[in-house]
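Structures are listed in the sections that come next.
Both of the next two complexes hold chain A, though its partner changes from chain B to chain C.
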Partner chain A sequence: MNNEQHTNKQSFEQCVKCTICTVYCPVAAANPDYPGPKQAGPDLERYRLKNPRFYDDTLDLCLNCKRCEVACPSNVKIGDIILSARLKYSAKRPKLREYILANTDVMGSMATTFAPLVNASLKLPAVKNIMDRTLAIDHHRTMPTYSSQRFEAWFKQHAQAKQENFDRSVSYFHGCYVNYNHPKQGKDLVKILNAIGYGVHLLDKEKCCGVALISNKMEAQARRQAKVNINSIRRSVAAGRPVLTTSSTCTFTMRDEYPHVLGVDNADVREQIVLATKFIFEAVDAGRVKLAFREDYRKRIAYHTPCHMEKLGWSIYSTSLLRMIPGVEFMMLDSLCCGIAGTYGFKRENYPYSQKIGEPLFRQIKSLGVDLVATDCETCKWQIEMSTGVTVENPISILADALDVEQTMKLNK
Partner chain B sequence: MSGLVTGIAAADAGQRCLIISAGQSALHFFSGSFELYGCEGNPLEAIAGVGKEHPYSKLGVERIQRLAEEVPAFFGKMNISLVGNPTRNHYRITPLGVLKPAWLTMDEYARVEDVSQMPWKRVAICDIEGFLDFQPDFLASGCAERGVESTVIPISLPELERLRNNPTEMRATNIAKELTGDTLHRLAQKINQASGDVDAVLMPTVVGLLDAAAVEELKKQVDKPLHFVATMPPSVPGIRTQITLRKRFQELGGVYMLGDTVQSGTIVDGRLQSIRTANHGEVEFEADNFVLATGSFFSHGIVASSERVYEPILGLDIDASDERSEWYKRNLFEAQPYMTFGVATDSDFRVSHKGQTLSNVYAVGAVLSGCNPIKEGCGAGVAILTSLHVAQKITRK
Partner chain C sequence: MNVNKSNHFDVIIIGGGITGAGTARDCALRGLKTLLVERLDLTNGATGRNHGLLHSGARYAVTDGESASECIKENMILRRIARHCVEETDGLFITLPEDDLGFQKTFIKACRRAGIRAEAIDPAEARRLEPSVNPSLIGAVRVPDGSVDPFRLTTANALDARLHGAEVRTYTEVIGFIKDGRRIVGVKLRDRQTKSESEVYADITVNAGGIWGHRIAEMAGARVNMFPAKGALLIFGHRVNNLVLNRCRKPADADILVPGDTISLIGTTSSRVPYDEIDDLQVTPDEVNLLLREGSKLAPSLAATRVLRAYAGVRPLVAADNDESGRSISRGIVCLDHETRDDIPGFITITGGKLMTYRLMAEWATDMVCKKLNVDKRCQTAEICLPGSSYDKDTKSIATPLSIGTRAAEGRHGSMSKKISADSRLDRSLVCECEAVSIGEVDYAIRELRVRNLLNLRRRTRVGMGTCQGELCACRAAGLLGKANGCARKAQEDLAAFLNERWRGMYPVAWNDTLCETQFTSWVYEGVCGLDTFAKE
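Here is the complex of A and B:
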């Protein structure tokens, strides 16, 4: 599907001006300067098509959370319209800060090489103040920490060889966060999949999914990376391996933003790009695999639905898996935006709104007295940990901790 | 709304339920009142006279009365307090100041029991400056026609001035987001200073978006009795009701999937076996029973192309005329035939496919054929009562 057709020509004319989208927009609720999805999307698109001068820089305030699209009864692709308008009409070009925040993989490879040094310096107030003044990266932010060994390096050294021993196999798109910041999450996935009888492979070539490039208007680079990823995914699918992920945002970007915003066709493989929790849940539900859990695992866990998970509609898979763990006391948080939206909340001009948007969610989390918050998105994790002090884990890591590996292996022999 | 009412009633009776909804519902246009049948006096008497194709005829007057009497308690469990009686309509006040018959009205709204006897002699009407979805002048002249004197009190607050930067966003919902805490307190002070010697203060429904706390608070802080009057959409109390219903459904163990569209289903031997949705691709959702609550044309529960009217998910049998020329009446104000189009059902509200009744698929609410909600003023009544009925039917199966 061509991006022009999808966003501009077809869908904005479906708008019946009911303003329901504006009710559910987290930015319109927190920042009176933002025109809101109805106006920024379908209303102004009509004018922009006549004259691009109607483009307005306040569109940069949109988080691209797509909550407006989920709420719209007329199926208007409001978020896509706004994002495409930003890419097409904005005269503001990315600056050094945008390059730094958006190139998560380049930054990641530099940082992992010097991890202890970088982690220590990102915590220093002086460094934070310099970043604030020179780069307008807000000094209140807790910066993500970097791991000293990348996931890919660990995988090649410790895991790759034995993956050939399995009859069934999948590919894993680990994403930048697992590779540079939190390899444990990837290791956890390998542990689970191996226990239930699946071998894990990496893609021939994996590039950052490009979500941050898109939101920072580096469209050409995003498109190049998207093509590399989709080609690798095609080869994997041809070899009979679906592609699993552990980040809702990478998943959503590769499935939906590639065709809708970047115009990169993925129709032949889209259904094969799935979140690992969905893949595992379906296998358990269909009786193809069985899970056994440790008896001593006890935790009170609340699940937070990331915006892109809401859009995918897939939180049911992650939460169903968590509910299967006998020692888990499960709670569902209200589906609200946490306010970070990837690199958005790192920018100084957005920081206060970012925190204001997340406030109701933080309040609910603090009131529940849980051991852990579970969520499928890494930037939600940073935001919630920084703002509530509660530890946040990916459902895959929770599952891996609670799993009785030996028993599970026996069940799936 | 039909989907949530069915889901809550069934989940409360111990059924495991999943709701898949493509988007928000007609509740976002909610006037504050539910209508059973829009007539003077006793709606049940009017209902006794509807045609046999009408959903009400399938329920029967006795059952309608019994179910209707359960409705206030059903909503009361969620702290939505509704006032009214199925055997005698009262009146609600529209945003244009007109009185319309109603069955149940939310407690916070202004309500008139008897047209010939207005409950007030003098009222103050709040006018939020810059807010165009509520026209105090219309309301004032509506009051004057019925012998009620009114004064309009203009209200401006700095928090709301900021919203005016963007006139199209000066909507009820955005105002309600601002009117909490200290801002609400200052609003109450302004009302108290300006209202003077009146019997009541009338105020547009711009308070209490996520819960009713702000409504209660404002009523406490305003010295005179405070009543709300509906605005043009979006409806703040409607959205609050939607959120409350969804919460209740989830608390009862129901799973609610918003923003997904049911696309197709597999019918085997007169039963619907499973359905598929846009978000879940090849995953098949199976269930013992399915309820179709997809609404009418507006929400795409039924669709009209240039040559036919159809039900888009399963291609169910439809009650509609094949002749396009018979869809409309030239006079816009006449009852429009297309408004009565909808899916065909048997006396138990089960749908049919190619002439064969599906034993486990029911239809409820606006997707049903045989009634004209706008002309008859029966939309909410049909939606709520058919939903409760089908939920009870499934539970007892």
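Here is the complex of A and C:
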């Protein structure tokens, strides 16, 4: 047993047992079977060091939202301890369902090929019932739709050539969601960045960030993919291109889960992996770029802070950008977990808790009568759209819609 | 003399340490009417203040072959009769670059002579077996060391004595002997809680008072030359090592690191202390520094690990009878027949020895008692398992996953844990979160293990022994005790006393995380609960 890991990297000894983490844990509030982060993390880790048989399957109830770590006044990596314990001690190995849910890129490339068919079938109650019965993927869940054209394909055909015309450039880690489900979000980013004078490049090789692989205990595959990504990111940074993202979870995974959970060192490039909203806000704030907005854009928008955005501490960048748009009536939602946690909420055993966790957030959204909810995470988007009926957009897409492209280009000439 | 059936015993044993409890069990198993009296709680003395090391005997092999072979025999017996108190971890005797590697050969030879399995292993293999070991080691010998929980062992012995008809009275102090001529025929007792005094009679009285046995013998009119040797230890916040780590050299200070339950222990120092200090031992900064410095040589990560607390015990070293100076110290078992030695019939002292050889000490003492009483019964303590270590198949259904408290309690109480209720959510909910002690377990301890206060409860379960040292659990446990004893006021006093006792052990190591913890504890209990204003009243 590697005890050293626990005294240095993932030390739990600063825990003074104040239990604030458990107060902020969305799962502990919704499900009394979950012992809470303090018990599941630092407390039981002492027992697991004594004997791995003290590992408890209730740890699978953890969403990995990391709200415990945000709450902790002693800087204990509670979520990391729990996640690492799941990877190390759990006897439950991933089954077919986990492979399907976690391999977002494999599933995505198959689904995009037959997108209309796949999308239509995934809406059929019969198909959902079969998936529920055979795979234990809850039939209540609305499945994400797939796009017929991948973002990468669009980019190569329509955008790549002109990216060489810019003096300044960045790389874009689009992630699986943009590539297979929602290329528009990537197109929106290209549109904004080009307008403010940045060329956009793809990474040499991009793999799924691996967040779903980690939470479904496919650690080795996650580590392989992490290494591919970090190597691509290294080459991009060496070429003077920071790496932008439009998903808070991919960003958080590559910055923090890679070194903390997978042991993949990214110290040399970590600060160059940035959410696009942060990058743009800082450029505007420093006066390096200027934005001009359409006068006819009018929207009442509420921002939802995804858990990993809370952990990054970056929602201030996304919200500040949204507040710059003159036509936006902005509202900040309470920082609450929506309950889906990636693949977690798709699983039949978790579905009821998933919805119970999200309930206070759904109630607040429904009460506000907004046109749009803005958020930086795609799975939060699925959950909120399914549970409230309100349309959810990434701040980048909202910015792109509100942007006066011609005027902006002129301002940044 | 007011002798009647209820206050007359075959044998009275003074001292509720492991020797006294073991002797009471042996006497009871041999059918003697037995009374065990202890002035405080069971395990209050040296029994509860040592390493909890299940010696293989290897440590003594070179210097004291007899102790070594006693140890390995008792080691093997305890693995069988006290399974639930023992962890069969094995241990390593490591050679560091500053040590003489030549000693290893002498050591292995001496071990084998004493009947101790000892095999030299490659340093790389040692690092693989025990990743926390100092990576610069140049040699390692694997021996059958382990750890033993002295609290559980004593509780199980006392419990078995009671199950075989013995009476156990804690918080009952011996204030004098009743004599008939020179013969000791009974003792005068004072109940420390009710302050009431009483007399009990017995044909034989056994002094098993450890270092306090010196005073008891004096009271009886005999002189046993004892020298208190203080040994300080540190407890770390979690298990750093899973194998016992020793230095392969002549025994020295702070060279044993023992994994015990959820923690690791480093010790000990060794220094003579004046007799009047034995009830109030303080661990000094020099001792703490020495323990940390030497401990880090065994396992470097200790330097960065939270120290939970420091404590010290007193070894009862006995001088040979003909040596008034005390230079010739025996670490072996000393069983004194005061009838032949001092012309005091009816009085026996059993002392010396060590935790590992308590059963043998009890056997010697009980043999002597039986001889004097003309009882012809064989000792069976090496064969009959202690309560908790029985091999019965009657374990709980594992259809539903066991709660963490139930699993932790199984480790603490062995097969007795089936008496712990886990039926309701309330029974399963935790009192002590660090050590996973449930309400059901606390109820069991109050019901069956002679728990009157939080200190007793801590030693019978592990309430308050974990990372937070009582911060979260003490008030919950005090609430349960208050309910059981029907007195809230006493529970409050008990709570204040318990927290002060916890602070005493944290004070010598109060820096970093431990200091934060104590601060937080004082906010909770003084700032929020107002326990300090209560204590001043």
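Here are some notes:
As a working rule, the second predicted complex is superposed on the first by the 404 of 413 C-alpha atoms of A that agree within 3 Å, B and C clash if a C-alpha of one lies under 4 Å from a C-alpha of the other, contacts with A are read in each partner's own complex, and residues count from 1 in each chain.
Heads up, the rule we're going with is that contacts are C-beta pairs under 8 Å (C-beta built on N, C-alpha and C of every residue); 3 or more make two chains touch, one makes a residue touch a chain.
Owing to the predicted nature of the structure, the values given are computational and were not obtained by experimental measurement.
Applying the stated contact rule after C-alpha superposition, one finds that A:39 touches each of chain B and chain C. When the shared chain is aligned, chain B comes close enough to touch A:310, but chain C does not. Contact with chain B, but none with chain C, is seen for A:282 once the two complexes are overlaid on the shared chain.
In the superposition on chain A, contact of A:271 is made with chain B only, not with chain C.
Looking at the shared chain after the overlay, A:72 reaches chain B, while chain C stays out of its contact range. Shared-chain residue A:149: touches no atom of chain B or chain C. Legend: residue contacts after superposition of the two complexes on their common chain; A:332 is shown touching chain B, with no touch to chain C.
In the superposition on chain A, A:18 contacts both chain B and chain C. With both structures placed on the common chain, the touch criterion links A:391 to neither chain B nor chain C.
Contacts of chain A with chain B, set against its contacts with chain C after fitting on chain A, overlap at residues 18-19, 32, 35, 38-39, 43, 74. Chain contact summary for the complex, chain B toward chain A: residues 22-25, 28-29, 162-163, 165-166, 168-169, 171, 173-174, 177, 209, 233-234, 239, 250, 255, 257-261, 277, 279-283, 299. Within the complex, the chain A residues that touch chain C are 1-4, 6-8, 12-19, 32, 35, 38-39, 42-47, 49-50, 53-54, 56-57, 74.
Residues of chain A that touch chain B in their complex: 18-20, 22-23, 28-29, 32-33, 35-36, 38-39, 43, 69-75, 271, 282, 310-314, 316, 332. Within the complex, the chain C residues that touch chain A are 131-132, 237-242, 259, 261-263, 301, 304-306, 401, 404, 407-408, 425, 430, 433-434, 436, 466-468, 471-472, 513, 516-517, 520.
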